[in-house]
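The two complexes that follow have chain A in common; it is paired with chain B in the first and with chain C in the second.
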Partner chain A sequence: MQMRKASLLVLVFAVLLAAPVLAQDVPTIKLGAIITYTGPTSDVGAHYGDGIRDYFRWLQDEHGGIVDTNFGRVRVELVWTDDQYNPQTALTALRRFVSEDNIIGVITWGTGANLALMDELNRVQVPALSASFHRGLLDPPGQYNFFISTNYDNHMRVLIDYALSHHTGSQPPRIAFSVHPSPFGRSPLDAGRAYAEQLGLSVVASQELAADVLDATGQVLELRRAGAEYVFFQNVAQPVSVFLRDARRQGLRAQFLGIHYAGGEELLHLAGRNADGFITTSAIVTWDTDVPGMEFVKSLNARYHPNVAVRPPHYTQGVVTAMVLMEAVRRAVAPTGAAVKEALETIENFDVGGLAPPITFGPDRHWGADSLYLYRLDAADNRLVFLGEFSPNYE
Partner chain B sequence: MQFSACGNYKTRYVDEATIFPNDTGRVFVAVLLVFLATLPFWLSPYFVFVCTLIGIFVVGAVGLNILTGSTGQISLGHSAFMGLGAYATGLLAQAGFPFWLAIPLAGAVTAAAGVLFGIPSLRVKGLYLALATLAAQVILQFGFNLFDSRGGGTAYLSVPQATLAGLVLDRERLFYYVVLFTAAVAVFAALNLFRTRVGRAFTAIRDNDRAAAAMGINVFAYKLLSFSISSFYAGVAGALWAYASGVVSAERFTLLLSVEYLAMIIVGGLGSVLGSILGATVITVLPEILRVAADSLSQVLPQATHLFLAMRFTVFGIIIVAFLIFEPQGLADRWRVIKTYFNTWPFRY
Partner chain C sequence: MDFLLQLLVNGLVIGSVYALAALGFVLIYKASRVLNFAHGDFLALGTFVAFALATSLRLPVIPSIILTLVCFFVLGLVVERVVLRPLIGKEVIAVIMVSVGLSSVIKGIMYLVWGPGYFLFPEFLPDVPIIIGDVYLSPMHLLGLAISAALLGLFSLFFKRSTLGVAMRAVADDQQAALSLGVSVRKIFAVSWGIALVSAVAAGVVVGSITSLSTEGLSAIGILVFPAVIVGGLDSVPGAVVGGLLIGVLENLTAGFIDPLLGVSLRSVVPFIVLVLILMMKPYGLFGTVEIERV
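Let's look at the complex of A and B:
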């Protein structure tokens, strides 16, 4: 009896002594996420944010947030906020995360916010993985900005290549651009126009379509008058769905093509049969694609959002971005932003389970992939048809 | 030193118009300024940045209050004027102008634009003027967008950090002092403005413009002057904002900010300089508090994230409405009540 009591006491003491030691052994590092959950572009931004947060919730629930890195075992914590697509809010949030939470890496959303953060990121030496594929973010090369796909310009070039290779109508083909009135929307315009001229296409119009637009009749009629055969969108799904509705109403018969954030399941959901035949680029595979990594993404969504059945690629994109950042944290030699940046630059042919083309970064190469996927929206089957993996012919 | 008067001993109208009727106010303001100057030493860079933003919006709100609160000309274009100041600063800074020259120049450019868009105020007032200034907002915002698109969207104005005699005024700590100084000067200039002939003319126009004209006040000239002073303040606020954030983009200067400015002066108190300060502080800090609250609630209950994010706007709205119902005179009036209470404290009649 006495013996048992003593051993129990020893056990209790051992646990009491060990507990704080165990907890202290694992230092905490923090990563940030500045996402657009409300405001313009939040229709796709919220999916992206859910993907990032679900990944880190899974990491916490399954592994207690514990990760083995080159600088030892650490507990990873995600701090995040909603920037409302407002660059000032994003900048304030970054300053808060850097000074209050000492983050060593951050995942960001929009082009405007990222442009506003560029200087600050370089100054505080925290690498950012952005959802914006704006070419200007990587200029000059080798700074603290990264993104996982190729830039918007190349997305646009692939679309132009595709349109030209399937063209049967007039000569030269008449094309038009319709973009979001922001640095995000306008970013591929110059490159797109130059490439079109180089290929001998005729650019008949270049329009802007705001994110909160409710009627696009004016824009549609202009394109009908100009006889546009191809309309290239750089926008988010919501305004594009409005445009497609009015295009059908006004009888604008053209092939519609969009970059990454315009298309996907979201557009099919919003525009229904009006979106039939829409062609979109995507940095990420769709929900129905049969690749090894998709099972994990679906399990994440089922676990944390049991009432959401289908997600656009931007959810998967959030998960993939989080995976890439975590890979860099594992490879980093020290718990600092500069070390995570160097670690990102060592990532080569990183396999994300087929969810995206393998990701390769380098000291002067901060875009993750050279190729992208093309999909055609099929309203009858309510799914996206895979057209192939492309990279621009342009050099 | 005299800290309180136990009666009304004013013998001249000049005494009525003094900013500090006794030394209590002087001591209070001196202590407050010293306290504000110590903030960067013990606050983290994030909180210093929030204080910098408060200072910037104090300048802007004082400007709008001169126009709307004191001259009675409602303006829905204040954020566009602030944007104009920011863009002007961006261009001037890139052209190599030092910040102490770029900030007033940006203010002057904006003041000129303010006069231009103030011209309709001769013919229209009230809600009609609100629509006319809304046009200013839309036109200027469109201009910013066009400007941004010059480089095919890759163009955005990046503003270098301000330097003074070789010393870099970094955005984390030192630039705060520039904002503090500017805000203090702006506040004292506004306080003094209402002790002058010009300020009295503004008030006369607000109270009854026909009566003011009958008294020989050149209503049109003074309205335009009010527009130009108000826009100058907005331009200076925009210039400070450009330096503080390091990048100018059109997305910040939307109609929403104009409405926020109106909320600032209504919550603070129309026609009161002190009200502008209190209103700007509340409207700048409140969303930040709500954001932090929503973020931390979402960390605890991740499944209800979308609810908390949406709730922020509802709570913000409810707080504004509550202010209008329970403090219709604004925070400045509450401050006056508190002051009156302490006037005779602790020996009340």
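Let's look at the complex of A and C:
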């Protein structure tokens, strides 16, 4: 009996002593997320942030954060912060993550913050996957910025093409742009104007609509006077909902179309019947789309946010972005940012379970997809109707 | 002409909301010389509380709003008693920093409870446009205008006719003289905070009903009323009304006439340009008290 007790004790000690050694055997690598949980655009940014963080929580809870990579088995840890949609805060966070945590990859949010981070990312050689699809982030090509969709310019061109292909009104069609007064909003404006000119469309107005707007009557009346038949938005849902409400009140009868962050479930929620018929591009499928990957996304949400029933595509976008970054970490040949960037550039037709078009990067190709989805908002059924996947070939 | 008229009408509607929000700001400054940087956050918090009463507790909308107004009057008394009163006699900058701190705390609470999303206030009026001539108006806008006008009228009467109102004006005019005449300055400070929060919440509910509720969007109104109160004169109630209406109209005229020419939005900038111009001519605002210091 004494013997058995002693051997049990020895066994316990052996395990206790070995545990730290075993843990030390697996080195830790860190990834960063600089996301927007408070401040402007946080209504959407919070979903994106949740998607990223839930993926890494799941990785930790299910696999202890352990993944096999080309440079061996590692434990992956996510460090994250809220940039409050402030480029300066984002830059400070990046510098801290690089110097204190030695991150080898980062996921980021807005256009303004990403523009502020560009030079620093290249200097410290840490690749970033951004939620912004601003073309300028990939100029010059081959630097440290990546995004999973095609750029905003192409989103705009797809919308213009769609409007034109269904046009039955005046010749030439009369179109207008309404954008957020920021680098994000103005991003696809030049390309949109140039494309409209190329197609012989008449651009009757180009407006800016701030995120905190209470009343858009001035803008709506101008478009009514100008006889706009199509209005293209590059904005977030709240100001677009104000515009749509005033458009209905003032009798502006035009087709409204928006890029990725303008439409979706939030616009339907905020604008209700005023959003009926609104057409939006999306880099990601909607919540009720029946694709293999959606089950995993829904299980993440149910596990960590049991009270949240439905998520806009930005939650899924966060999960997909995290999946792509982890794929690059697995492919990397060394635990460095430069190696992760090179690994990202080897990703070809990476299947994300149908949640987005397959992702392909290359040394000079840092946008993940050439195609995007179009949806029409249906207020009566409170859902987004899938119109198709569009693969423009403009470049 | 119809275009101009429509812009003017919409400007007046939005301006009346600014005026209502500005009123609370002015009341506190007038009584206690405190610049309340948490004004927009109280406005947002009150709107969210009314929203929570109407949606989570399923109370009818109007009682929810009235209950919130009562609660916020009491909250105003409590904030004055607990946070502001210990600071009487301290440097003005200390009081300002406390209001900045309050702003952060309230915003944090709202983010914790409601998160960063947008919420819709339950609809309690049909949203069918009313057309007068060629001018479109929505019932909600008209109600907003009516509530703002009624409350501003009520406050005006209160200051002119009621003993408490007169006492508040006396304190604002000269604290020492008011004290020597037996006016309780502490009581007046507390009531000022109570009324200020009531007017802020009323403005917030109107804005929330016209657009939507979000922590950032509603808190930002606290900043939007700055040009209104400064143009009107920081310590003038009629000034807050005129300043609010002026800013609302200017925003709309800018959006209608200047923005289309430039293709960029100047509607938020023009009020501040006007502010600078007015202050260059009248440093104490249109109706502010001119202070002359003799050394």
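Observations, loosely collected:
The working rule: the second predicted complex is superposed on the first by the 391 of 395 C-alpha atoms of A that agree within 3 Å, B and C clash if a C-alpha of one lies under 4 Å from a C-alpha of the other, contacts with A are read in each partner's own complex, and residues count from 1 in each chain.
By definition in this document, a residue touches a chain if its C-beta (ideal position, glycine included) is under 8 Å from a C-beta of that chain, and two chains touch if they have at least 3 such contacts.
Bear in mind that the values here come from a model prediction, so they are computed numbers and not experimental data.
Following the overlay on chain A, a clash is recorded for the pair chain B and chain C. Residue contacts after overlaying the shared chain place A:G45 against chain C, while chain B stays out of touching range.
In the overlay built on the shared chain, the residue A:Q207 is in contact with chain C alone; chain B does not reach it. Look at A:P181: by the touch rule set out above, it reaches both chain B and chain C. Once the two complexes are laid over each other on the shared chain, residue contacts for A:T217 go to chain C alone; chain B is not touched. With both structures placed on the common chain, the touch criterion links A:Y37 to chain B and to chain C. By the touch criterion defined above, A:N122 reaches neither chain B nor chain C. In the overlay built on the shared chain, the residue A:N70 is in contact with neither chain B nor chain C. Once both structures are laid onto chain A, the chain C stretch out of 39-47, 57-65, 75-83 or 93-101 that overlaps chain B is 93-101.
Across the superposed pair, chain B and chain C both touch chain A at residues 37-38, 46, 181, 208. Those residues of chain B whose C-beta lies close enough to touch chain A in the complex are 44-46, 49-50, 53, 145, 148-149, 151-156, 158, 172, 241, 245-247, 249-252, 288, 291, 294-295, 302-303, 305-306, 309-310, 313. Taken together, the chain A residues at the contact with chain C in this complex read 37-40, 42-43, 45-46, 181, 205-212, 214-219, 221-222, 225, 237-238, 241-242, 245, 248-251, 266, 269-270, 272. Residue ranges on chain A touching chain B, taken from their complex, read 37-38, 46, 53, 57, 79-82, 85-89, 91-92, 95-96, 98-100, 112, 115-116, 118-120, 134-136, 139, 179, 181-187, 189-191, 208, 304. Against chain A, the residues of chain C that register as touching in their complex are 3, 6-7, 10, 13-14, 17, 107, 111, 115-118, 120, 127, 129, 136, 138, 207, 210-212, 214-217, 220, 224, 252-256, 259-260, 263-265, 267-268.
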